[in-house]
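Please go over the structures that come below.
Look for subunit A in each of the two complexes below; its partner is subunit B in the first and subunit C in the second.
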Partner chain A sequence: MIKKFFHQFASPKSYFAIANKFGKPVLVFFFLLYLGALVWGLFFTPPDAIQGDSYRIIYMHVPASFMAQILFVVMAITSAVFLIWKLKLAAYVSKSIAPIGAIVTFFALFSGSIWGIPTWGTWWQWDARITSTLILFIMYLGLISLHASFENKDKADKFFSVLVLIGVVNIPIIKKSVDWWSTLHQSASITLTSKPTIDPVMLYPLMFSIVTFIGLIFGLVVLSSQNEILKREKYKSWVKNI
Partner chain B sequence: MNQDSLINILSMGDHGVYVWIVIVVLFAILGSTIILLNRKIRQAKQEINEEG
Partner chain C sequence: MKKDRKKRLFGVLLIIGSSCLGIGLILYALNSNLDYFLTPSEIRQSDESVVLSSNTRVKLGGMVKKNSFFINENKVNFEVTDFEDSIQVIYEGLLPDLFKEGKGIVVLGKYNDGIFYADEVFAKHDENYMPPNLELD
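Entry: the complex of A and B
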């Protein structure tokens, strides 16, 4: 029964029907929640003792940096699923994550650079965290270009998935870069193993902004995957009936 | 809330300009991505209907 359920859900037709029904309401819901998280963080928390008000960029930069990495990991999982079980839907979802990942990574780099001006006195530094994130951004762009360069999209899916699985090695490097090397970028304020080094009055809106941003970006991924399914399945009979 | 305190909140001190730049770029990116994706989906559906 479970196998049947997954088999049904894994068909582009069933996925599209669910995404078409719930995608947009979920996106709007998380967009409004994230807006609430921003208002909380921007206007209802005190300024930082050292950084002043510029620290408020945290409510945009941290969720974006977190999602830039999470999206690549999700892309690696869906790529592995495609290569192992040959599920077409997994390849479509993997491909549709790439442009969203590129946008989110660009924003993470941009917001970090702007934050660097008042706090570090420079908008760019070739330190390990920033450089490895730039590599992540280039990888997203490379994956998009690779897929677009193939006429045969089935072949493109295979090369794309293999490259994602190779590229995912960069994620632990980004995560650990602040511990392995001496970087201008600070080490993590929130970890699973130790108490957060950030005051609760700033931590709660930050956690709320991260959770709601995750929902918002996955809403965008659902929208992007709908577009990918329509492009790739346009000659199938079920698409003509939507 | 009087006008001065509202302006004080919105200006966010000396570095408020950096925060506002990031906010504007974030919403420009999110907004344009949502609009673009919706338009692409609508176009794809239209093409399929015309071909069908």
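Entry: the complex of A and C
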């Protein structure tokens, strides 16, 4: 039964139907919740003892940086699924993640720069964390242009997926960069192994902003993948009947 | 799992594995060159090396030593320490807002005869966040 469910869900047609039903409501739902998280973080939390009010950009910077990395991991998983099982839907999803990942990564870099000016006294330094995130941004752009440069889209999917798998090694490097080398960027406040070094009054809105941002971005990915399905399968009879 | 799928799974693992290996070797070779700053003891130990000749700009990082800050003829003086060794820093210019004794700092400049002449000063803040009334020290 599970196998049957997967077979059904994996066909672009039934995925499209489900996505069409739930995609937009989920996106709007998480968008509103994320706005709520921002309001909570910006207006209903105390300032930081050292950084004052400038730390509040954490409620944008951390969700964006987190999603920038998670999206690449998701893209690597869908790419591997595409390469192994030849599942077209997985390739469509992979391809539609790339532009969203690029925007989110840009936002992570941008918000980090804004945060850096009042705290570090500089908006850009070539330390390991910042540089590896810039590489992530460039990889997203490279993937987008690689896919666009192929006339034959099936071939594009294949090369795209292989490049994603090569690039995914950058993700643990970004994650561990602050521990492996000396950096200007501080190390992680929230880890799986030890107690968060951020006070609960700030931790809860931060967690809420991360969770709602995940929902918001995945909503966008679903919408974008619907678009990709329509584009790629436009000659199929079920698309013509929409 | 079907035979051809197994083959492709192997291919996927091979791509990831060789990518990890390649990048891993590069990072291993670069190792300390990827460090953003040197600590006071690292600078002292490599005193004679070409890298630290008086014309090369390097970054020095550590904590601002407590009770070491003073201003003399419009120049800021303080010591940067890694709790093993410390280096006297002289700087003329604006300090970042987060500059404070006992807090992290990175200075960019030239090291000459035991004194570090800084061109730029960056404050390094840590990963602790708390409301003002809970600050312990």
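Here are a few things to note about the model shown:
Criterion: the second predicted complex is superposed on the first by the 242 of 242 C-alpha atoms of A that agree within 3 Å, B and C clash if a C-alpha of one lies under 4 Å from a C-alpha of the other, contacts with A are read in each partner's own complex, and residues count from 1 in each chain.
The rule is simple: contacts are C-beta pairs under 8 Å (C-beta built on N, C-alpha and C of every residue); 3 or more make two chains touch, one makes a residue touch a chain.
What you see is a predicted model, and the numbers here were worked out from it, not measured in a lab.
In the superposition on chain A, contact of A:231 is made with subunit B only, not with subunit C.
In the superposition on chain A, A:94 contacts neither subunit B nor subunit C. Once the two complexes are overlaid on the shared chain, A:240 sits against subunit B while remaining clear of subunit C.
Touch criterion met: A:118 reaches subunit B and subunit C at once. Judged by the touch definition given at the top, the superposed model places A:80 against subunit C, while subunit B stays out of reach. Of the two partner chains placed around the shared chain by superposition, subunit B and subunit C are both touched by A:47.
In the superposition on chain A, the residues of subunit A contacted by subunit B and by subunit C overlap at 47, 51, 118. Contact residues on subunit C toward subunit A in their complex (touch as defined above): 5, 8-9, 11-12, 15-16, 19-20, 23-24, 27, 32, 34-37, 39, 61, 95-98, 100, 103, 106, 120-135. Residues 27, 31, 38, 42-43, 47, 51-54, 56-57, 60-61, 64, 100, 103, 106-107, 110-111, 114-115, 117-118, 216, 220, 223-224, 226-227, 230-231, 234, 239-240, 242 of subunit A are the ones that touch subunit B when the two sit in their complex.
If you check the complex, the residues on subunit A that touch subunit C are 46-51, 55, 58, 80, 83-85, 118-122, 125-128, 162, 165-170, 173, 180-184, 186-189, 197-199, 201-202.
Interface residues of subunit B, counted against subunit A in their complex, comprise 9, 12-16, 18-19, 21-23, 25-26, 29-30, 33-34, 37-38, 40-41, 44-45, 47-49, 51-52.
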